[in-house]
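Letters A, B, C and D name the chains as they come in the text, with residue numbers starting at 1 for each one.
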Amino acid sequence: MQVKEYKPLIVAFCCNWCSYAGADLAGNNRLNYPAEVKIIRVPCSCRVNPMFVLRAFQRGADGVILCGCHPGDCHYTSGNYYTRRRMAMLFSMLDYLGIERERTRVEWVSAAEGAKFAATMNDFAEKVAALGENKRLEDLRCKK
Amino acid sequence: MQRIGVFVCWCGSNIAGTVDVVAVAEALKSEPGVVFSANYQYMCSQAGQDLIKDAIKEHNLTGIVVCSCSPRMHEATFRKTAAAAGLNPYMVEIANIREQCSWVHKDMPVGTEKAIILGKAAVAKVNLNTPLVPGESPVTKRALVIGGGIAGIQTALDIADAGFEVDIVEKQPTIGGKMAQLDKTFPTLDCAACILTPKMVDVGQHEKIRIFSYSEVEAVKGFVGNFDVTIKKKARYVKEELCTGCGDCVSKCPMKKVPNEFNLGMDNRKAIYIPFAQAVPKVATIDADYCNMLKNGKCGVCAKFCQAGAIDYTQKDELIEEKYGAIVVATGYNPISMDKFDEFAYNQSKDVITSLEFERLTNAAGPTAGKLLRPSDGKHPEKIVFVQCVGSRCDACNEKGKEYCSKICCMYTAKHAMLTRDKYPDTDVTVFYIDVRTPGKNFDEFYRRAVEEFGVHYIKGMVGKVSPEGDKLIVQASDIIANKQIKIDADLVVLAAAIEPDKSARPLATMLTASMDTNDFFTEAHPKLRPVESPTAGVFLSGACQGPKDIPETVSQAGAAASKVIGLLAKDKLTGNPCVAHSNEMMCNGCSSCERVCPYGAITYEDKEFRMPDRTTLVRRIAVVNPAVCQGCGCCTVACPSGAMDLKGFANNQIIAEVDAICK
Amino acid sequence: MENKNLRDEIIRRSGVNPTKCMRCGKCTGTCPAFDEMEYHPHQFVYMVESGDIEPLLESKSLYRCLTCFACVDRCPRGVEPAKLVEAVRLAAVRQQGNNHMTANDVPAKIEEDTPQQLIVSAFRKYTK
Amino acid sequence: MQKITRDVLVEKAVSLLENGTVANVLGWRKGEFDYDITPAVFTDKADIEANFVWNDFCGANFSKYLVQKTRKLEGKILVFLKPCDTYSFNQLLTEHRFDREKVYAVGVSCEGMVDIDKIKAIAGDGISKIVCGEMIEVSTVYSDEVIKIDAKDVLEGRCESCKSKKHVAYDELLGEEGDVIDSNRFDEVAKLEAMTPDERFAFWQEQLSKCIRCNACRDICPACTCENCVFNNPNSGVENKAAANSFEEKMFHIIRAFHVAGRCTDCGECSRVCPQNIPLHLLNRKFIKDMDSFYGEYQAGAEVGSRAPLVNYTTEDVEPCDVFEGGNE
């Protein structure tokens, strides 16, 4: 029997103005990153509700990453500063509940940082893969 | 239920090379809501777009998903295509299967599988899409310019010449600003008054321009195209419409000991005054702090002598409400206070002066009628030392000065030094500099002329200490090229003080919800591409309120701001971005969380009556989003605990549907 | 850069960042001990920055600084030259092998009532 | 144990009612048992004199009741507020949840409330009578003996680590004003933080799996005053009214804690009312502790109109990846 290699499912929320464009640039430059990374476009990282993060875990995501403009460069001037506080709080709480820290991350990726985007996704996927499947936050009913 | 069409693009081999487009189209066919699915070589081509249009009509599609390149590339294209076929353009979603799939994965099965999932996410989102229509708001065709210096004057003239009404609010009794106080202007040395005052007259006489002098902006409400502004016209105790500016009242006023701010306190004026001869409006103003009639009712001389009957001691501050489509900030700058720079003895000796004071000392209309005389004893100074960078280019932790370069000091110091040597060849003029920064047309040539033709001594070094001794000022400084410490017994020391934004800028920025940097300069919407606009729509920046600027630069920026205003006022209506936040009033608590995180001040509150099931009415505070101001970041949606606030086009349930589709 | 270690050590010990200096010379313009000095405050900062520290260690300037802190007070960039001087002084004091005596000088200093233990430890110290 | 006696409160309520200052009195009413005290609205003197209660079981925080009562009742409402209740009172005012003009607030000093479960653990079931005092006298149906318990030994958990005896809002104060206390309320959080992630997971898994989704924590919470809870909102994407499996509770409690973060005054009502005795306050306190250490000390409700850390920012804030260095490990 062939054992299928474990590939973690990763949901990446990317802001429209910097990180989504950074991901496009990674594509333009043909920079590889795992296919299990799936990007959801949001207008600003501050649009990401903690509920979305938890929902992704509930439905079986193994890692969730938020990408936004670098602090100070937000298209909406201050959105990512709120993201930074909200996610700092959420991640600290998840850690407090015993959820592995490496499953969540916030990274600032500008529209010019295609290479950083790809490298971040590779690194994140690797760290999450090392943890194995997300068992602590998933909802078993949602697994096929 | 939606009727969704899926269109998978090959992008030649760009997508089809790593993604099995036929399989993707086939797989998405069975997704809920999908009634049509097709693939084509180039969806963005005319033929591809026709394919989409035909399918919309033929299959009565209510939404479409295009699996293609990045939405940053062709979302607008496909939205137009949909609109041409009668479909609401916001019923289009793009699955990015090129930049984020075929280009980053090499393996066909992997790419195909991911493309299908991205397609499913887009289908899941479209299922929850609703048609969106951009809001429209009318534009009030009048502009407000705050500040009547050269920046405000130029902006106002340019806007008015284009045929729009402009109001200028100036806190001083006259427009003119700092430029009116200057003597000559670099690098051409034409006299400031000769080039400024004709413009001031133009403003005063322009039928499209109103001047609210001695006035301040009190409150700003509204948004781009529709600002409601309250202007406080301070009581000047003179009826503007009657005063002829003859000056009889001024000459008769017995109160002579009022420091004259126009000459920076270097001489005195009367309690009733006209700041300078070419003032616009040329109307007298009574200084309530000094007028005996206003203070204790004992005088009334000016009223007695005014033949026009313009004096009115009972005048009160007046509030004027006006509507504007655009607001231009032109609040300008001031030199910083020299109080903390003890080493230069500014507060100890009258003969240590700032450069702006030097301007007045050399100005024919100044306190010395243009003769360069020492403020302490009225003697002709023989040795003059200029010190540059006083309070500029300081460390961030330095509480005395500013971190930035004030930009104009090198040039005006060269000008002062040159003019002094020109007019008084017997004087010995030394300039201490750290660097001489003269980028600009004819600027470096100007500085070189000061050195080479006029014999100004430029010494690279800094003054460490100025000590008054007898009637001399002992200037101890370094000459770091000669590696020497030198002492000069000077008669006059002129400090090139750093400049800072006017103190009124910060409260004004709060009123306008316009952003500022830590130095209180207004920030521009984009430092390179939108340098004369504030991030707050409808607010524009002119002159030194945005950063240190000389006159040529100020005037060009003023013109640029005016052209942006004209571009806005020329429109009858503004169409907004329809992807804006909106609050469900049944669920809103009115808790103000959303308002606090909104960077645009787009959220306000109103008390709304609700009919309750038991036929009573309940008045509840609810949030209301102004769609013309909201830019659609969605920050408020997360701050809202009840989920009453949601973002059109990126709604909670839409994003969650995408998450679910990806994680299935 | 020559002497990079010593340079870094002095920068670390003084807590001063010499790269903040914009070479305006206000420190030198301020310094009351200027005439006594071979290397003046602005040169001092520049020499530390460029690692040119040997001449400073040997210079008399080092001990001419009054530590009046006028340069620290007036520096617009917050560079604090006096603290650098102090750090270079410390470096001079702590220099290895830079003793005021060698082991050969010890016998001459021994007196009758010098304790044995002191003589032994003096040899031990100055032969190092 | 309370220093202020019932009579003082009754006298105050009656006089304010009779002189027309207020039309309603929000107070504690006698229930079926001596320890079973329910919040109630009184409108007449006789009722107050007969049924108004003030003793060591009056833990209920009335602030939240004002949201609905100020809408429904005619005339002004007298409310009695213990120090911890006043923080909720201010927080609700910050959020514009009720009209201050319609409320007459009387601050009552508080010596801490007692926990009936702790008494039952000592005295056993079948309690027939309880007399409050320094020593609580408990009688049961099973014995003639009166059991005496030191009130200090059976304090509610939240009162053991009381954060403030100071009233931050009132129109009138009964009893002495106290001070903000340098409490040990974060000790329990720190203890959890010191555990390994596996231990923490096991702890919370055990606690949260007890949840029956009765929503008592939400319904009592003075920060949860939403017109319509996000979990009842079909458009929120997380609508669910009852627990379906273990994850739902986690999601519910994390989201609830997040929604009240920066607004929670740490009044402890959630843990008091939880029928399953889940230490829910430890979630809220974790957020409070984090916000204090990352963004500076902030006490929700300490003043009206203050800006909570989550609707604020500085450009130098800690990065989310660095929060783990903030104290755990």
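Following the convention adopted for this analysis, a residue touches a chain if its C-beta (ideal position, glycine included) is under 8 Å from a C-beta of that chain, and two chains touch if they have at least 3 such contacts.
Because the structure is a prediction, the values reported are computed rather than measured.
Measuring from the average of all protein CA coordinates, the nearest chain centre is that of B. Each chain gets a centre from the mean of its Cα atoms; the one farthest from the centre of chain A is C.
Should one ask which of A-D and B-C has more C-beta pairs in contact, the pair is A-D. Averaged C-alpha coordinates give centres for chain A and chain D that are 37 Å from one another. Between chain C and chain D, the centres computed from C-alpha atoms are 64 Å apart. Here the spacing of chain B and chain C, counted between their Cα centres, is 51 Å.
With touch defined as above, residues shared between interfaces to two or more other chains in chain D number as follows: 230, 236-238, 310-312. Residue positions 597, 639, 652, 655-656 of chain B each touch two or more of the other chains. By the definition given earlier, chain contacts exist for A-B, A-D, B-C, B-D.
Residue ranges on chain B touching chain C, taken from their complex, read 343, 389, 391, 393-395, 397-398, 400-401, 434-435, 460-465, 476-480, 483, 485. Here chain B touches chain A in the complex through residues 70-73, 96, 98-101, 103-107, 110-111, 113-114, 117-118, 121, 515, 535, 579, 597, 599, 631-635, 637-639, 647, 650, 652, 655-656, 658-660, 662-664, going by the rule given at the top. Contact residues on chain D toward chain B in their complex (touch as defined above): 71, 94-97, 225-230, 233, 235-238, 259-260, 263, 307, 310-312.
Note for the complex: chain D touches chain A at residues 192-193, 197-205, 230, 236-238, 244-245, 247-248, 250-251, 254-255, 257-258, 261, 283, 286-287, 290-291, 294-295, 309-315, 317-321, 323-324, 326, 328.
By the touch criterion given at the top, residues 9, 11, 16, 20-21, 23-24, 26-28, 30-33, 35, 38-44, 46-52, 55-56, 59-61, 75-79, 82, 86, 118, 142, 144 of chain A touch chain B in their complex.
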